[in-house]
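Below: the structure, in structure tokens.
Labels for the chains are A, B, C and D, by order of writing; each one numbers its residues from 1.
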Amino acid sequence: MCRFLAYSGDPVFLSDLVCAPTHSLVHQSLHAAEAKTETNGDGFGIGWYGDRPDPGIYRDVSPAWSDENLVNLCQQVRARTFFAHVRASTGTATTRANCHPFVQGRLMFMHNGQIGGYHRIKRRLEALIPDALYDGRRGTTDSEAIFLLALANGVVDNPIGAMAETLATVRELMQGAGIAEPLRFTALLTDGDSLTAYRWACDGRPPSLYYRETETGLIVVSEPIDGCREGWQVVPKGGTLQARRGERAVVLGADAIGERIAA
Amino acid sequence: MCRFLAYSGDPVFLSDLVCAPTHSLVHQSLHAAEAKTETNGDGFGIGWYGDRPDPGIYRDVSPAWSDENLVNLCQQVRARTFFAHVRASTGTATTRANCHPFVQGRLMFMHNGQIGGYHRIKRRLEALIPDALYDGRRGTTDSEAIFLLALANGVVDNPIGAMAETLATVRELMQGAGIAEPLRFTALLTDGDSLTAYRWACDGRPPSLYYRETETGLIVVSEPIDGCREGWQVVPKGGTLQARRGERAVVLGADAIGERIAA
Amino acid sequence: MCRFLAYSGDPVFLSDLVCAPTHSLVHQSLHAAEAKTETNGDGFGIGWYGDRPDPGIYRDVSPAWSDENLVNLCQQVRARTFFAHVRASTGTATTRANCHPFVQGRLMFMHNGQIGGYHRIKRRLEALIPDALYDGRRGTTDSEAIFLLALANGVVDNPIGAMAETLATVRELMQGAGIAEPLRFTALLTDGDSLTAYRWACDGRPPSLYYRETETGLIVVSEPIDGCREGWQVVPKGGTLQARRGERAVVLGADAIGERIAA
Amino acid sequence: MCRFLAYSGDPVFLSDLVCAPTHSLVHQSLHAAEAKTETNGDGFGIGWYGDRPDPGIYRDVSPAWSDENLVNLCQQVRARTFFAHVRASTGTATTRANCHPFVQGRLMFMHNGQIGGYHRIKRRLEALIPDALYDGRRGTTDSEAIFLLALANGVVDNPIGAMAETLATVRELMQGAGIAEPLRFTALLTDGDSLTAYRWACDGRPPSLYYRETETGLIVVSEPIDGCREGWQVVPKGGTLQARRGERAVVLGADAIGERIAA
């Protein structure tokens, strides 16, 4: 299990949200409060939309709490939309290519969760990814595989339906392999302007997901960065949150994604 | 293109061959003489047979010339059989898992060469690897994929025939994808006691391969480690070298592997 | 604060003590029980006496829990005397050269503790180290500085007296700079055959230190590696433990080191 | 010997100068043309002035030619003044803290050259740095020591005189230690608005230094980034170049720095 943060709104320095708060993401890399694992030291990543249409990305394998480059970049980079992620590996290697967020063109994706028994369906899952997208696979994680398959399923134009279809496919592979461990999926997708957050698990126990809206922007997090729950709202289990910059976020309940998969 | 060295014989400290000679492998990481690229700075690896049946392995992403751990280990580790490899990437990422040698159980493999147009057949090549072996895939290189497919083809019992079959399969995939770039394959395989060296390319231009036999052991290298060619013999193009510890090496000509693939 | 383990006795594979036990050092890197910090993820190191008079050493900056090279080496390396250390930085950078153990010739040293207000006396402390030894300074830690100064003070021939003198000097510098934070020093020194363990702090709160003697060897640790305290003895505050391979350890009380410094 | 590039002028993306040109700095990391060493693979760094008064900095230990983070950052970061450096170590370790540029507050410095016999005067040189500045020493290089001593000597207000004084002090230490190897110093200093380039060596053989001025900005380099010398001017041996953003650069001859040291 990992910890993450997403922001969309008026441009801010990344450090204001990633490093400065009492219970910031950097602090959570050593002391997560609501995660299965307290330590998220298996690499990290930030991705942001700056002066180019495609996002910038910085990922490394050291723990976030001791990476001087991360602190420095967060102090310098100002962005209207950005993702930040600290990783606790569920089995795959600690390499840059296995760190979130993942980028394909203008799209950016990050995930907290796990495909149970992934190694038993890995090859078959990868075989479903079209060659053109598979060529862009850089690492070996389940998260990146889901992202690429979702792209193949049309997640750009249909963020909820295509992701539900993708998760349904993963579930089929898991069931075909007789895997008992759950599929858990709390994730975020953006193109820099619109953002979708997902929270679903086949066993009804998806990782936590909170958000806070102010006049200047939207923050979505694994757990509150100020260490208290006031002012934060919960994305319901099986639900989604969708937002465009400058508009209020729309939160949908369990039928948003859960029922499509069950169907 | 990479540079490598293999040894089998009376136990020696790795440093005697990897670090000390005038034109040692560590020296070649910065100044290779016969390679397409002079610099082989995209990681390195050593693998050796010590007090356990399975080999030890140390691989890292820094250039060999500046890695203090490598020097230190080579000074301490004494082995009857070992591999050493310095890497010049042909496109895949610089991660530990992409560094040679690769190990599966008691077997160890390293490669100098390339599958031309690899990214265009990567997914189909991987789909040929059985699940049980695919689960052991740690990196993303063409070299590791060849190793795993060769294991599936029975390279343990039939080192030449199974490898020829493997290369023939790769060639078919390449031809099916209309790939014009060549497949070049100079490689080494061992289980600690017996060793097979291969030198073949579909365009008749395989990377160089030399060997030297003394009363105490056999050395196989990409290029001589003393900077001169005296005392070194060439493994012929399309040929193989096979050796068991304590017995003289047997070198076979072009018909060993080349004709089997052509057939 | 860090966690460490030292062994001296009949040759064993490092993995038997470093990786295998329930509460092994690798486990402690993520879940230390008696340390100020639960996570010790700022690098690690092992040092061992093998077939050479000087020790081998492997140190890296990744957390011990995710380093495949560490696991692999510990499975292969068998030694009569070895140190292992997982680091929680007290302020200096996460570099290989700042990881313990430190080696000078045949001597090896590791430390758990801290010079309070180190940065305020760093330059003056370094100025006390003779040029010949200072030339061997590779990192920037307080621990390495103490080691080098102890060597200058004759710790080889007089392990307790010279170390007491060294700590007294550090205390003087601290007092001269008006530093209120304590000097805490739980440490180990060996030449491969004899071993000295120290446990002292100027405020009477040195980090924990345990040992266990069997017929085959001596283990000294920051905290028991089996998760229970039975069978482990405590080195008293202000005391030392001295051992030669094949002889029983001698434990001295508070007067061993504490009173010499106070004097 | 290293390779570097500095820019000051209208804001540009770093990639336009660091990655894109035929003989860019990234290309020089593998194939330098005018350096003592063709390969500059011992780490790299970039430093730039963005939306904060203090510069941003990204340094890492991998070779520049294979670092995906470097390429990505250079594509995203736009700056009015920046430094970029690829390192070939002259003996000190490959750590981030030993990579250029070095930053102290608003000041940034990078160096190509070497203090001959540095290890023999290292401790005495460091002892000349005031505590407040020595506390900011992060690495172990001669270059960082020169920078800190120059700051102590007032290089902010007197860039040429204070640097000449600093080099004279280093020369005295070298002569006192009977060091025959030369002191070579081609270097750059900036506060984001004004920039000073130095080219001097005690043996009259300083590393090369070129510059090019256009209407939009000034580029200073170790060697031309387009692979040809047309359009580039040489900073004379013993000379300096000084520039303020928006004004033409002023180049001074040998008397600028050389004669002050000799005096």
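Simple rule for what comes next: a contact is a pair of C-beta atoms (placed from the backbone, for glycine too) under 8 Å apart; a residue touches a chain by one contact, two chains touch by 3 or more.
For clarity, every value in this text was computed on a predicted model and none was experimentally measured.
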Contacts common to chain C and chain D (chain labels): A, B
Selected interface, A-B versus A-C, where C-beta contact pairs are more numerous: A-B
Same-residue or different-residue interface between chain B and chain C, half as cut-off: same
Chain A-chain B separation of Cα centroids, rounded to whole Å: 39
Contacts with two or more other chains, residues of chain A listed in rising order: 68, 93, 96
Residues of chain A that touch chain B when the two form their complex: 93, 95-97, 119-120, 122-123, 126-127, 129, 131, 134-135, 137-140
Residue numbers on chain A that touch chain C, as the complex places them: 30, 38-39, 41-42, 61-63, 66, 68, 89, 93-94
Contact set on chain D toward chain A in their complex: 13, 48, 50-52, 56-60, 68-69, 72-73, 75-78, 96
